[in-house]
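A quick write-up on the structure given underneath.
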Amino acid sequence: MTKASFQPQDSEELLPHRIVLNVRSMPSYAYGHRSPIWWGTVAFAAAEGMGFAMAIGVYFYLVFINGNWPLSAPPPDLFWPSLFTVVLLVSAWPNARAKRDGEQENLSATRRNLVIMSLAGIVLLVIRIMEFNGLHVRWDQNAYGSAVWLLLGLHTLHLLTDLGDTVVLTVLMFTRHGHGKRFSDVGDNAFYWYFVVASWLPIYLILYWFPRWW
Amino acid sequence: MTKAITPHELDAVPEVTRLATGERGGVSGARSEADYSPDPKELRDDQVDGPELTARLAKTWGTQKGLIGALSTVDHKVIGRRYIITALFFLFLGGLSAVAMRLQLARPESSLIGPDLYNQLFTMHGTTMMFLFGVPIGEAFAVYLVPLMVGTRNIAFPRLNAFSYYVYLFGGLMIWLAFMLNIGPDVGWFAYVPLSGPEFSPGKRADIWAQMITFTEVAGISVAISVIVTVFKLRAPGMTLDRIPLFVWAELINSFVIIFAMPAVVTASALLLMDRLVGTHIFNPAEGGDALLYQHLFWFFGHPEVYIIFLPATGWVSAIVVTFARRQAFGYIALVLSLIATGFLSFGLWVHHMFTTGLPQLGASFFTASSMLIAIPNGIQIFCWIATLWDGRPVFRTPLLFVIGFFFIFVAGGLSGIMLASVPLDAQVHDTFFVVAHFHYVLIGGNVFPLIGAIYYWFPKFTGRMMNERLGKWHFGLAFIGFNVAFFPMHITGLMGMPRRVYTYLPEMGWGNLNMISTIGAAVFFGSFLLFLYNIVTSARRGPLAGPNPWNAGTLEWASASPPMPQNFDRIPIVTNREPLWAHRDSLPVAAGLSVENREQIVSTVTAGRADLRESTPEPSIWPFLSAVAITILFVGSMFTPWALVWGTPPLALALIGWFWPKAGTEDER
Amino acid sequence: MRTLLILPLLAFTLAACEREDREYRSNPVTAESQEKIALVPLSAGPGGPTEQRSGLGKEYEENAFHISQGQRFYVWFNCNGCHANGGGDSGPALMDDRWIYGGQIENIVQTIREGRPNGMPSFRGKIPDDQIWQIAAYIRSMGRNVPKPAAPGRKDDMSPGPAEQRRPPGEVIDGGQVPPSAQMPQ
Amino acid sequence: MKRAFSILLLSLPLAGCQGWQSALDAQGPSAQALAEMFWIFVAVLGIVWVLTMTALLLALRRRRPADADPLSTDPGTERRMTITVSVAVALTLVTVIALTGLSYAAQKVLFSHKDGALTLLVTGQQWWWKITYENEQPNLVFTTANEIHIPVGKPVLIKLESADVIHSFWVPNLTGKMDAIPGRQNQLQIQADRPGIYRAQCAEFCGLQHAHMGMLVVAEPKEDFERWRNHQVSSAIPPNDPERQRGMEVFLSKPCIMCHQVRGTDAGGKVAPDLTHVGSRRYIGAGTLETTRGNIAAWIIDPHGIKPGVNMPTIQLEPDEVQPLASYLEGLK
């Protein structure tokens, strides 16, 4: 019952050290899954992906409850969202280059790629505004409208976040901070953009094609 | 103090050997060689030793003095300590509200507390216990202990971690401040629509509840991600997957459950806010919405939530059982697998909270089966712990007493849970005091008892002083008796027909005596916590000094000083066994070569735990705090006008840019 | 440090908003409120008409619970039978800024209590005084003449348009035209 | 004191078996099945608990020598413990499967609806129950509140709807509960085997007065039930004594008529309980007060003192109006 029964180490001091490994020569950063930040980005993408899954779940639950769909509104226009999808898919190419050039620590190419990505984000944002105009339903009209605005709004939020991230990173790359670990950040930003692209594709089908097929 | 390495020890850590001999995995590319060669002027920990090394590292890793310094700190121990104290503070507030409710229910038709206040009280009680205590306390212990246990110097993403603490704190303060201003939510911790919807909950009360969810969700997910990455990437070299302490496993799986469960509740609360504030119709049946959708979303989170509260407790129990049984854990693999199974299964049970909503019977039956099935992984854990104790030499100190209390209470609660899993039985006892009794057995038995054990256990690590053992035993006795006297009779009041969430009942119902007993028990239970508080305060000041490892435990946190220095370890330990301190009794194998002047720590590979990088971790910064302030303004503002999303964003964006903007010469994080 | 925390808390509590009170037991219990108000801001002589307000109006129209109860009673007592959702039908609109008999809450209370020519019945003795005040407070919220945080959100019903809380704050112009629809007895 | 306490504790398990709102005092076939199943679960799970705790207590003996290395394990012990734990897990699995099977069987019996002798539409409202007896003959359809009469031995189908928020219909003595959810209709079948008065209470939190949202289910022989029904269908009998006539005048001249209906008079409000036969009901205020003249008067004078937040307003009455009004209402048998 007393401390004695623990075979105490008696000493109030820490164990002495015995060096068995020297990490002096290890690199101070890396790319992809070797870097903690990559795992952080993946985890955030997982949580946000779960958010998307929930929102999509809500949409289909409402379809299931109502039977007829869309509720008292014509299906949304196709032109702008399709344009959006095309631009978004095309943007995957400069994105891939941004990641590659970043890993090769090519500063000028990375700068160019980031500027392109920022512009692409802004163009997409403009198209997105047109997209909202062509929904033919307001969020406060009925549950269908609410679900549509929910999904589109959620994706726009991610678009905005990544655009902000890209712009800040672009600015950084043009300052004296454009070296070393920044290149790793470019890679993570590119990864996040893939998430924005990947999460859009199901939403595009659900919002614009599903009501036509249903 | 440093000793040369022997070939024998190298065999024990083959991965380390390979690293030490210069093998390097990963991408090869056009990276400049300059990154590999360290700055020759920089002082490294293979150049200094002893007290000088300790002092220099402490200076590098320390928290600055003053208010700004305190708000800028990124030390996981400082943040973790605040997290734990804040969560315990909310536990106390939740307990106070419970005592108020028990006083009201002690007699039939009591006019002590009216229905309006009572509804606010039970909402605050549930919300506080679940969101402001239950989830955060597990994460708080993870923030403090996981980096120590995996043998690193700071949590991954320490600024995110600091940010999450402030968000959590502000969210909790917001809802309690609102309660004091008579804007406390009064719709229950579940806030079912339509009662919490725009038509039946006028004013801001339900908005406060829903927005508090947003706060805790942001905080909860942020910590969960930090913990996951800490466990994945910051483990001490040599800590392979099967050498991870059970506590760390529990926190890891808990963090995964949080990441996948929390988005559901934030979806529910965000949709509720949208319905309430901008007029969407998601939950409005007249316009194509549905009230039950809310329940699906809420319980898709709400059931995993129970395990979010319970999983960290399994970690506490495992740690305490192993240390006090003086034997390594029996069935380590089985314990880890059953933790994982619990995590997965917890997502397949949510409908058992909705058995009385008239869902199709076939679907309901499926959830009966899955709900009963979760008894299996939990059973495995219980049996493995008992087996560990069986073959051990139990030392009956307060932590172990509370764990024994946990067995008695939690198993009873788990078994009454099996009754609730049955659709027909649930139809009788659902939403009665039987359920109240059940989940208090599960949650207090499954979380609070292990928690108190954990506090007695780790208190010397946190403060450097032991807690009073005599008071601890009194505390256990009072808590155990008080708890059972308070909650056992509720099984019977429930079966006698007393529904939950009633502020009073008629004298002719015959529930008076049982309720009076419950109230007396609740008072005793609450009293035991006052004793606990007294013990904490006096022990923290005058308790006997504890050495680094007062319990002679086996895991790495006991290899640091009590309380730990800011750098945790002077050199990063190398792990060759699940219980490193039991395996290395005379000296600790360590890795050297990290900077003494910069905040460097070792990044290792995910499965093999092989040292891979020496990455620097962020310096203290005020920006996470400012970002938390900005996001609080945005969240609170958006309850009053959607335009807050517009004018609230620039300050937040500025704060975030300040956060991520690199300081000259040092590196940062996401 | 601790006092620093307590002080703002105390200040907050003292300034606690009345907006969220749920005053279901009107006090004094049975008396009819006495308010002296004018229909239009015109009077013989300088200085405008003499008015006497009890302050009860503010208590009702700034309180979310009262407004919400008013919304309930508005339907229960069939106000929507003539005034629809506030847009007016056989009775005049209630959500615009024109108020024939005055648009302050005291005017509306009086209108409900006394009735008005061309179809508005008197509800004196039919609706208890505090419920009249609640209904009047709700009617004030239709043109968003009440604070936004107290105004109701959407109902769990067919949606006629943006809910009261989302309407732009309105003005009150006393002395309007009786709409053609209300001129002839229905 | 101590003894009184232990007696109380001992009497606890027994107390649950009786009561007019008790799940264990089963008065109908499905409540009976549920109660039996409950006791089976209690027995099985109780044994599991006792066994586990015994194992725990036995495990607390010190078997390891004081100087043993905590990392050392004895292969023999290890193997025996593995076998024991595996057996325990297997037994748990068997228990769980058995209980699941039992649960399915009971579920099938419970939710297979027989043809009902009677169909009721019960609408939950904040905070009372509106009850409509449906019938193919329109003259047998009527609406009442907070008190259901059913014929003994006959299954009765209850359709559940809600007028505002979610409520839950629960008569523990007869069967399990079912929610009333806005925008949906749920169904439930109840049956009483013995005549008696069983209390029901809303079981889903529904706002301020969730605690006072009760209802009575009166099970009576078929003849009594028929008599009751034929009376409920009829309009209120006009009062013939002067005091009650005065009460009726008061009733009709006061706000009462805005919400309440008394068939056969001008009072036609539909948003509050139908009072046509309120005097024949055992309780007023949704199971809150027994129907006596004094209670009716108290309820009218200060409803918020009894049921704070109820939608019944406090109305302006002269002192000499209260008594006649209460008499009038009490007389509405």
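Quick notes
A, B, C and D label the chains in the order they appear, each numbered from 1.
Going forward, contacts are C-beta pairs under 8 Å (C-beta built on N, C-alpha and C of every residue); 3 or more make two chains touch, one makes a residue touch a chain.
What you are looking at is a predicted structure, and each value in this text was computed from that prediction instead of being measured.
Annotation: B-C is the more contact-rich of the chain pairs A-C and B-C, by number of C-beta pairs in contact.
If each chain is reduced to the average of its C-alpha atoms, the one that sits nearest the average of all protein C-alpha atoms is B.
Inter-chain spacing, taken between the CA centroids of chain B and chain C, is 48 Å. Chain A and chain D, compared by their mean Cα positions, are separated by 50 Å. Once the centre of each chain is set as its mean CA position, chain A and chain B turn out to be 26 Å apart. Taken residue by residue, chain C touches two or more other chains at 22, 154, 156, 159, 162, 166, whereas all remaining positions touch fewer. Across the assembly, chain B contributes residues 116, 194, 199-200, 275, 278-279, 281, 284-287, 290, 326, 396 that each touch 2 or more other chains. Shown for chain A are the residues in touch with two or more other chains, namely 5, 7, 140-142. On chain B, the positions that touch chain D within their shared complex are 114-116, 119, 187-188, 192, 194-195, 199-200, 285-286, 290-292, 322, 326-328, 330-331, 334, 356-358, 361, 364-365, 368-369, 372-373, 375-376, 379-380, 382-384, 386-387, 389-394, 396, 404, 407-408, 411-412, 415-416, 418-419, 421-432, 489, 492, 495-497, 499-506, 509-510, 513-514, 517, 554, 577, 579, 582-583. Taken in their complex, chain B has these residues touching chain A: 1-3, 5, 9-10, 13, 16, 19-20, 22, 24, 26-27, 29-32, 35-38, 44, 46, 49, 156-157, 160, 221, 224-226, 228-229, 232-234, 237, 259-260, 262-264, 266-267, 271, 274-275, 278-282, 284, 287-290, 293, 296-297, 300, 326, 395-397, 545, 547-552, 559-561, 570-572, 574, 581, 584-594, 600, 602-603, 605-606, 611-616, 653, 657, 660-662, 664, 667-670. The part of chain C that touches chain B in the complex is made up of residues 9, 12-13, 16-17, 19-22, 64-65, 67-68, 71, 148-150, 152-159, 162-163, 165-166.
Considering their complex, residues 140-142 of chain A touch chain C. Per the touch definition, chain B reaches chain C in the complex via residues 116, 177, 180-183, 194, 197-200, 202-205, 275-279, 281, 283-287, 640-641.
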